[in-house]
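Per-chain numbering from 1; labels A, B and C assigned in written order.
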Amino acid sequence: MPRIALLFLLLLPLISCSEESQQEENTVTVEFWTIALGDAFADYILGMISTYEQAHPGVKIKWVDVSGGEVAEKFLAALVGDTAPDLVNIYDLPRFLQYDILVNMDEAVSPEDKAKRLENFWNGVGYFQGANYVIPWYVGVTMMWYNKDLFAQAGLDPDRPPRTLDEMLAMGRQIRERTGKYGVSWRLHPSLIAPPWALLRMDGFWPLFDEGYSRTRINHPEAKAIFQKWVDAYQQGVVPPEALAASHRDEVNWFIEGRAAMLPFSGGWITRYFDKTFAAKVATAPMPRGLLGKVPASNQVLVVPKASRHPEIAVDFGLFVTNDENQLEFCRQVAILPSTVAAAADPYFRQPPKTQADEANQLSAADIPNSFVMAPPDVVGWSRMEDILHEEFAKALAEQQSVDEALVRIEEKWNHLLRYQ
Amino acid sequence: MHGRYTPFFFVGPGLLLLGIFFAYPLLDTLWLSLHRYNIFTAPVFIGFDNFRRAWGDELFWRVLANTLLYAAIVVPALVVLSFFMALLLDNSLRLIKIFRTLYYIPVVTSIVVAGIIWKWLYNSDGLINAVLKGYGIIGPSWLADARGVPEAFLGLFGIQTESVWFTEPAIALFSVAMVTIWKAAPYYMIIYLAGLQGIPIALKEAARIDGAGGWQVIRHVIIPTIKPYTLVVSIIATIAALRTFGEVYVMTGGGPFHRTNLLSYYIYTLGFKYLEVGYAAAVSVFLLAIILIFAIINFRLAGGDNTTGGA
Amino acid sequence: MSTSTWQRVLLYAILCGVGFILLTPFAWLLSTALKSESADLFAYPPQWIPDPVVWSNFVKAWNILPFMRYIFNTFYIAIATVLLNLFFCSLTGYALARMHFRGRQFIFYCILATTMVPFQVLLIPLFIVTLKLGLVDTHAGVILPVAVNAFGIFLLRQAFTTIPKDLEEAARIDGCNEFTIYSRIMLPLIKPALATQAAFTFVAQWNDFLWPLVVLKSRELYTLQLGLASLQGVFGVNWRYISAASVIALVPTVLFFLFTQRFFTQGLTSGAVKE
């Protein structure tokens, strides 16, 4: 039946396309995953790779750029299939840390290399019960963008942004009342900038658990006062109602759409989404302080799964990608900050700013010593606990229960999980 | 007639594929549902613990209730709306092909794009509320409001109610369901359209000559004739509704506090975020059981399996 | 139905009304895609007709996403799935309808029962199978799991049962073997049912998001759905580009359906789901 034969010919490439390309002998291939860098940074990444390959004959680096939301799912999939990549840029680490599947960097990295990296990032998001499992890469320290137009319309001084969180909420309230716009673009549902537990930490309530992780101490008057403050703000319209059911980056959209006047954000790279009219309306300020006096910092990290076939080379290449020189070069290309001592001290971060992004970045850079890394508690089962926290807190925000009730329920459920695990 | 083994050459390839990509994963799901398994360490047999856990899992029941409510909104709406849309398109106007194609656009729109557009429309200060404002109504933030639809509706007339009967479905769930209806109605419309075009014109004419008005023709001629299509539409729509994932993933992430969280999204979270694969499997088995029950009810209501196909 | 002029006018009015409701979201999408850098996207009342109209968003969006590749991938996956699905489902359906062998009824009822199992339930174990077969991050991994489906077998089996016996007998007397009877005589007779199944499969595969999301990792293998999802990563929140890209992504699909519409509706008309 010729027509059916034709059909199979057509489908042949489909069956055979999964074959792996043959590798040269004596060549070691290291697979390196990044998150949604896209074409914009291809030259930078490929440049680093070729430099490294020249210095290390016999090593080949295979770069895979995975689109944003899905990197963890893909990483997981690869681990199950025993096709683990060797060096991976990853976030939302707790679920991986608790299963002991990543290379312990305190053991794999020499003390000299460790000393070159800023201590609070080394023992940051990758720190889990006594050891660090990540190589810190680039950093974002929270500063604040605000909309001067909306400030002026609300009768606020556009050149005097808030200095404390309380002041920020008060100004937000005034903006809401006078302009009908929202005050603060803040996502109270799962959020990168400030998840509910970080609200507690910014105002000095920390840690959330006792020392042996046997009980939580979250049901505490201090925690109650902090949450109550945010619940009030939400109900008064300081924060957009969508804060309860939003997805990745929505808070950035609300700010850029002009719906909300203030956006706490990790630095300057956001400016590539501004258009000219909008850029003229906005200004930068240091992140308002909570009672802790420190601002949240986020950190992109590289991990090496234990299942990697060449962990030593992967660690070595990871240290190369994150060395002073390469991080500084990355910072020159996009408004981010480095995680190494020498690069962070570079005069580049104190030059007179040329662009809005530079301004934002210098504010962020100035706050590096004043920052705490957004690392959730290093407790087993945190992913589930965090969702419980979100759920109960959200119910309080939506007036379905009081903050007191929320805290009691969180305490009860968390303690149950702590016993169960 | 044919060689003894010939049938197996015909049935073999299909069954092989079904076996690999369907039966095996299904058995695997059943097997995993009896284990504690996190992907990184070997599965541990725990009997029916996962099912017991689901039984006591408040969130599971919440999500299950959401899913059933959601199906209860979506399926009847789709059956009715797609039928009337098909009636509308069942004619030979010159531009009708253009209309059919335009009506079909929502079906082939990426759920990601649909999600973006609808989020705009649904914002507290989005287009829908801008229109409502013209009538003096202050609309909610459609995808973030956890109040019940009846509760909020009564609230418009100043009636406050505490009764639990008015708290379902949540406005947010209802809004998600609207997107599904908007996106899927034209799909089922095409199935109905095919059915309508299969009805001999003479039949409709005959009814008309007998003095039947338009509505009577629809009721006594068209609806009974296309009953097999209604069965197909309601079965496919029910299964699709119980499997809904994209709308939640793209628009709400299950929020506010799980009021829009549906079973398939919950299973996805359990498996890929919490890495509780065994428990995810147990919840899947529950979903499977529900779908089977629904399918049987559907078959019964619509008059048995002999109307589904040609035989 | 015979229609008078006023009926026609009324009908057009209703058609436009319903179309308006269905397509309002797109009007906004299109309008946003045509707005300039300085236009306020979220002005109230909304500005429907951009001033000035700007086409550059389309050019930029086209240049940043590898559209041709995504469109090609999507069509390739959808069409390959349809072809394989029709082949395997019709083969199985044919045997179940026209042949007598031990276990036939049992197999048929098993298949019937499984039309109800949703893809979602199988996601995790299916992923493990796909992985073991080495199909993760290949188009085959997206296609093969849906290359045969129980509903399709059921549908085509029903269609095969309606064909009169004498046709088959005649062919057999002419010395045709079983495969020739299936492919030369029977398949052409159930074209409408095949078209129905093709339409279902095509749309399902075109719209699928979750399975390709989990299976594919290389950007060059992405479907349109995944490409658009990754837009948010690449473009961040430039609504103008996202809108423009979305409009571009719609064009091939709309054209495809405009030209194949007859095939789909006719296919459904005569046979498949009918008594």
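Going forward, a residue touches a chain if its C-beta (ideal position, glycine included) is under 8 Å from a C-beta of that chain, and two chains touch if they have at least 3 such contacts.
These numbers were taken from a predicted model, which means no experiment stands behind them.
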Topology of the chain contact graph, where touching chains are joined (line, ring, star, complete, other): complete
B-C or A-C - the one linked by more C-beta pairs in contact: B-C
Subunit A and subunit C: spacing of chain centres that average the CA atoms, whole Å: 37
Interchain centroid distance [CA atoms averaged], subunit B/subunit C, Å: 17
Shared-contact residues (touching 2 or more other chains) in subunit B: 125
Contacts with 2+ other chains: residues of subunit C: 42, 128, 229
Touching two or more other chains - residue numbers and ranges from subunit A: 73, 80, 259
Interface residues, subunit A side, partner subunit C - complex: 1, 4, 7, 10-11, 14-15, 17-18, 35-36, 38-40, 64-70, 73-74, 77-78, 80-81, 83, 248-249, 252-253, 256-259, 270, 272-273, 275-277
Contacting residues of subunit B [partner subunit C, same complex]: 1-3, 6-8, 10-11, 13-15, 17-18, 20-26, 28-29, 32, 85, 88-89, 91, 93, 95, 97-114, 116-118, 120-121, 125, 127, 130, 182, 186-187, 190-191, 193-195, 197-198, 201, 204, 228-229, 232, 239, 242-243, 245-246, 249, 263-264, 267-268, 271, 277, 280-281, 284-285, 287-288, 291-292, 295, 305, 307-311
Residues of subunit C that touch subunit B when the two form their complex: 1, 3, 8, 11-12, 14-15, 18-19, 22-23, 25-26, 28-29, 42, 44-46, 88-89, 91-92, 94-96, 99-101, 104, 107, 111-126, 128-130, 133, 144-148, 150, 153-155, 157-159, 161-162, 172, 178, 182, 196, 199, 203, 206-207, 209-210, 224-225, 228-229, 231, 242, 246, 249-250, 253-254, 257-258, 261, 264-275
Touching residues (chain side subunit A, partner subunit B) in the complex: 72-73, 76, 79-80, 95, 99-101, 189-190, 240-247, 250, 259, 383-384, 390-392, 394-395, 398, 400
Residue ranges of subunit C in contact with subunit A within the complex: 37-38, 40-42, 64, 80, 83-84, 87, 127-128, 131-132, 134-136, 138-141, 143, 179-180, 183, 213-214, 217-219, 222, 226, 229-230, 232-238
